[in-house]
Amino acid sequence: MAKSYIPVFDPASAHTEAISHLFILVLVVCAIILLIVSGIVAIGLIRFRQRPGSGDPPPHFGNRKLELLWTIGPTLIVIWLFVLTARGMHESDPVPPPNQEPDLVIIGHQFWWEVRYPKAGVITANEIHLPTGAKWLVRMESADVIHDFWMPELARKIQLIPGQTNHIWLDAKKPGRFLGNCVEYCGVGHAWMRAVVVMESPDEFAAWLREQQKSAPPPVTDSARNGWKVFTTQTCVNCHSIRGVSAASLGAAPDLTHLADRSILGAGVLANSTTNLFRWLKNPQAIKPGCLMPNLKLTDAQAGALTGYLEHHP
Amino acid sequence: MSVTVSTAPAVATPPTEVKLRGPYGWVATVDHKRIGILYLLTTLFFFLVGGVEALLMRIQLARPNNTFISPDAFGQLFTMHGTTMIFLVVMPTLIGLANYLVPLMIGARDMAFPRLNALGFWMLPFGGFLLHYSLLAGGAPAVGWFSYAPLSETAYAATAGTDYWGLALLVIGIGSVAASINLIATILTLRAPGLTLRRLPLFVWMVFINSFLVILALPFLNAAIVMLFIDRHLGTHFFVPAHGGSAVMWQHFFWAFGHPEVYIMVLPAFGIISEIVPVFARRPIFGYEFVAGSTVAIALLSFGVWAHHMFAVGLGHPMDMFFSATSLLIAVPTGIKVFAWSATLWGGSIRLTTAMLFAVAFLIQFTIGGLSGITFAVVPIDWQVTGTYYLVAHFHYVLFGGTFFAVLAAVYYWFPKMSGRMLSEKLGKLNFWMAVIGFNTAFFVQHFLGLMGMPRRVYTYADLPGWGLLNLISTLGAFLLGLSVLILLWNIIISLRRGRLAGDNPWQAWTLEWAATSPPPQQNFDRVPPINSRRPLWDLAHPENPDPAVGGRRSRDGFVLEKNRVGMVTFLVSESCFFLMLILAWLFYNSRAMTGPSPAGTLNAHKTGMYTICLLTSSAAIWLAEKQLRAGRHGWFRGLLGLTILLGGIFIFGQGREYLRIYHQGIVVSSNLFTTTFFTLTGFHGLHVCVGLILLLLLMRLSLAGDFKPGRIEAVKSISLYWHFVDAVWIVVFSVVYLKLLL
Amino acid sequence: MTTSQFFISAWSGNPWVIAGCAAALLMGGARFRPPTAWLLLATAVFFVTLCSPLDALADGYLFSAHMLQHLLLLLIVPLLILLGWSGRTAPQDLENGRWRWANWILRPPVATWLMGVGGMWLWHAPTLCNAAGSNVWVHHLQSASLLGMGLAFWWPIIGPRTGQRLAPPAGMIYLFTACLGCTLLGIIITFSPVEVCSIYLHPLDRLGILPLIQDQWGLTPAKDQQLGGLLMWVPACLIYFFGILGLLVRWYREPGPESAPAAATQPTLIEKPHGL
């Protein structure tokens, strides 16, 4: 959406391309029908306007042939549309082979996306990196209520339903940065449940994945150690994990490993920068009302140290 | 074929209405015309409330990252706006119009059940009050008008708002079903001589078919709400996946109601347009039979398309494809109507009054909405645009640009009949142009917003290119639309005082309501004109060129029905749908493996079987009682009636013992999904039995007071039918639950 | 084997079916010279149902194919036969001949309705469904009974004795309620996690086409049951739907019954009301 005005018609994958072409075709058919109906109405209104002094025209009750025509004609059109639909479904959402392991797992939470790369052992949140030219099978789950993942340029939308798993394919022909939203009202923070998908060349992706696989090193500098102390003593560790530092006992919040590498904070409510992270830590509720992170009432010093730690130590 | 005939007169006995003056007269009225007007005034009030909610949202959305309204308040606003507009405005407006017009259009004095009519109306303000009381009780519902589970469960929706939502909908639903039963009974039994079903005005025909949709679909909603309530307050897990429930089940149940609901909101509008366009084109409707037949087709198909609201759920391609096929198919009968209305214009002599202007706008706007609907039926397209502002645009085009514009046309068309005065055409045209421009400005751009990626139900959005501008345009259009409503209100107020006197038939229309005075007297007609065709008043004005006598001269329908029986049968059909949902829930949840109490270990089929025999015997008893009453043997009647009550009482006693025995084992409704579905299903059946017992006791009292001596047995026949129904349901429930049929 | 290979090769020549088709054509040809197009179509569909690759698939492989057979036998073939029969002279036998007993089942609409809807439900009881799948005589009984029950079901709607037919409004209720009956069954089968017909769970691969079905066509037993339930539900209801539309057409075309002589309860006025 940053690049294109109308993402639905700016597909970046073969799947959404199939949808986009189908959509344009159907819109053309609809436009023609609308023109015909509007034309009949408009011309009729002008041509058959009441002339002063004229009485009622002789009654005319219908024309069987015409009525059959406008019954059978649309039925044929509708059958044709159905054939296109069946084919379009197959092209845009191929059924995954049974028992194929997913390449990516996305778990919806109120109000963020948990992202796991099971084969690489990487866990991150809200920002997904993928290599171009490969079709990745994504498994969708939910930890609480129904969410809906939508990347208009990349794939069909799919609901994330607690108690059920769904699958879609994610792929792109060319690199790019794509924005998406949760599209099923999931609570107060729904509007800010955004996601970013970064499609990069296979080499860049491999490099990114390698970085993500590294655990966070223990803090070395003083400021880092201060920040680490705040993180581990101010209840952050109960919900947030940082690989190599701590595993959260509740696991109810985004994994913060390599937070510095991400472009967004709070599932898209802020861009990732030191100032923004500081603001967020001071009062998340003011920035994203309804998010499940409470206001921990950190002092400026604590927030500053924590920001420093998270932004400079992956 | 059997024919039900009774000794009751064919015309509704006029309600003994004391001449009540002033406001109390309106509160106590059972006159369908007053009730119709009460409906319209109430819905007008709620329309303003819902409109303000909409405008508040549009202010918030006019700029990106706006902070005018908090996300929590916004969630309440969109939930209340949707719920209000659907249940407190559109549905009751159409019911109110039907209430006013149907008896007049069929030459009857009043509806079949005037007191039921009044009861149905008062459910509306009561329900509206309940819904809005939530604002004082912790917050309005904030989970969307369709309350998806598990968001609507207590874990995520902790305030009582959702409960008030459910209660309000149950109450309003009672009103809608009551009104529909009334309409069906009225249309089937109170038509003037010569007005066969094939000669019905299209408004009446569409209201008739629509009423079937209401009685069949609303029980689906009631069942779903009841199950949600039980989840929220008794700790059960119908829709809680973490404990074996199913969130998707809520969606199926809700949309099984929700889709017929949208047709319920549009069929009467089709009826309105089918009346107005011919009159102002001065020609009969083009192809009456196709228009009437396509209504039946739409009604039937509307029950088979619901899962097109669930294409993003991942039901699997086969399911998606079947529902896509039916959804595409339903476009055909809808298209037939649009073409018929357009063809009616062709070759006519068109008068562009305000009513006609609104009708023409309906035609175009509804076509746009219908076409965007077709795009949704094409599944891959739905996968892109569902849940976005493209969807918001679609449903506002069909419901506002469609139904509401039809209602506005109806107001301008029938206001003279209701009040005796004409609305100002000048103000009307101003109203029209502001409405059309405002509406299309507000909602056309929303198609683009959806394609640009804007989801629905967001309280704000990022400053992406074009989003702010289009949202601002939409907000401006909405305000223009709001202003047009004020013009309408002003027009109504001043026309009531200073409008031109209308006379009986200012539009030279052809249906029966225009043969009465404006406004009609309490009994509607002193005499009804002769009816030989679909346009009786045309025939009277043009005796040299009457319309063809549909079905032959002086024909009648091949059946005579009695209104109490029709009313009861219709009600029972509706209740069957409710039980059907509970039985489906039972089958679904109990076909899966689960831990905890099981039917085999908990239930006692033998004991319950004995009580079942009691219940079935009671049916035989009341059947015999009816025969005795017909033969005039009142002593025997009372004896057998007493036996019925006794046997029914034994059954309830047995049920109670069974419940108590289970409870003493430490098993409660929330133990697992078996106990939940068991208690829900048998509990509701038991409730129906108790209601039946109360009715039977009332009959006994009436009999002791000598009420049946003159041979008035309608009440007995209706109540015994209810009792048989209750027994029939128990046979199914017993077979499914205790004998494990179908599992 | 590929899909096309399968569809070319899997035809069989069941002697009972061929005999039945021949008998129908002969009887039809004898009574109505020449046999109507409907009757020819009925025979062709009957043959396809029981002798084409559809039958091969239904015979232990695919539950959905089995459902399709049911639909054809219960709803389509009888309808076609009766369509061919209507408009021709009604059999006098039914009034006072050897076939008079048939009136017991064909006259009351409740009986014929129960046969039509009951037939559908009956053969989906797991024991009966499995029996038909494993025992060839039960299978023949199933096919014959479905055909018979289908004829009974459609009799009040489109039977040759127009006098016995239901009036269109009653006919519409008849078909609508039947549609509800098959919808309920269809929903239960589609959504039930339990196998309705367990012999389809582990098909015996006599023809060597299991890989074709499960891998190429993607029809696992779970998907197959879902598809079967959907077939029972949507296409069956569409058949009833078109039946209702047909009745609507008939209703609007018919002239109405003449009214009783003037016993009107309300006086009617001939003078013009105001405003015209």
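Letters A, B and C mark the chains in the order given here, with residues in each chain numbered from 1 onward.
Assume contacts are C-beta pairs under 8 Å (C-beta built on N, C-alpha and C of every residue); 3 or more make two chains touch, one makes a residue touch a chain.
Values in this document were obtained by computation on a predicted structure and should not be read as measured data.
**Student:** Taking each chain's centre as the mean of its C-alpha atoms, give the chain farthest from chain A.
**Tutor:** Between chain A and every other chain, the largest centroid distance is to C.
**Student:** Per-chain C-alpha centres versus the global one: which chain is nearest?
**Tutor:** Of all chains shown, the one whose C-alpha centre lies nearest the global C-alpha mean is B.
**Student:** Taking each chain's centre as its mean C-alpha position, how far apart are chain A and chain C in Å?
**Tutor:** About 47 Å separates the centre of chain A from that of chain C.
**Student:** For chain B and chain C, what's the span in angstrom between their mean Cα positions?
**Tutor:** 33
**Student:** Rounded to the nearest whole Å, what is the centre-to-centre distance of chain A and chain B, using the mean of the C-alpha atoms as each centre?
**Tutor:** 36
**Student:** Specify, in ascending order, the residues of chain A that touch 2 or more different other chains.
**Tutor:** 95
**Student:** Counting only residues that touch at least 2 other chains, which ones in chain C make the list?
**Tutor:** As it turns out, chain C has no residue touching two or more other chains.
**Student:** Multi-chain contacts in chain B: which residues touch at least two other chains?
**Tutor:** Within chain B, the residues that touch at least two other chains are 289, 325.
**Student:** Give the list of chain B residues in touch with chain C in this complex.
**Tutor:** 1, 9-11, 192-194, 196-198, 289, 292-293, 296-297, 300-301, 304, 316, 318-319, 322, 325-326, 503-506, 508, 514-515, 517, 527-530, 537, 540-541, 550-552, 554-559, 580, 584, 587-588, 591-592, 742-743
**Student:** Using the touch definition from the top, list the residues of chain A that touch chain B in their complex.
**Tutor:** These residues of chain A touch chain B: 1-2, 5-9, 16, 18-19, 22-23, 26-27, 30, 33-34, 37-38, 40-41, 44-45, 48-51, 54-63, 66-67, 70-71, 74-75, 78, 81-82, 84-86, 88-93, 95, 110, 144-146, 148, 150, 152, 156-159, 161-164, 166-167, 179, 181-191, 194, 268, 289-290.
**Student:** Write out the stretch or stretches of chain B touching chain A in their complex.
**Tutor:** 70-72, 75, 142-144, 148, 150-151, 156, 241-242, 245-248, 281-284, 286-290, 312-314, 317, 320-321, 324-325, 328-329, 331-332, 335-336, 338-340, 342-343, 345-352, 360, 363-364, 367-368, 371-372, 374-375, 377-381, 383-388, 448, 451-453, 455-462, 464-466, 538, 545, 547-548
**Student:** Would you mind writing out the residues of chain C in touch with chain B in their complex?
**Tutor:** 166-167, 169-170, 172, 176, 179, 183-184, 187-188, 190-194, 223, 226-227, 230, 233-234, 237-238, 241, 244-245, 248-249, 251-252, 254-260, 264-270, 272-276
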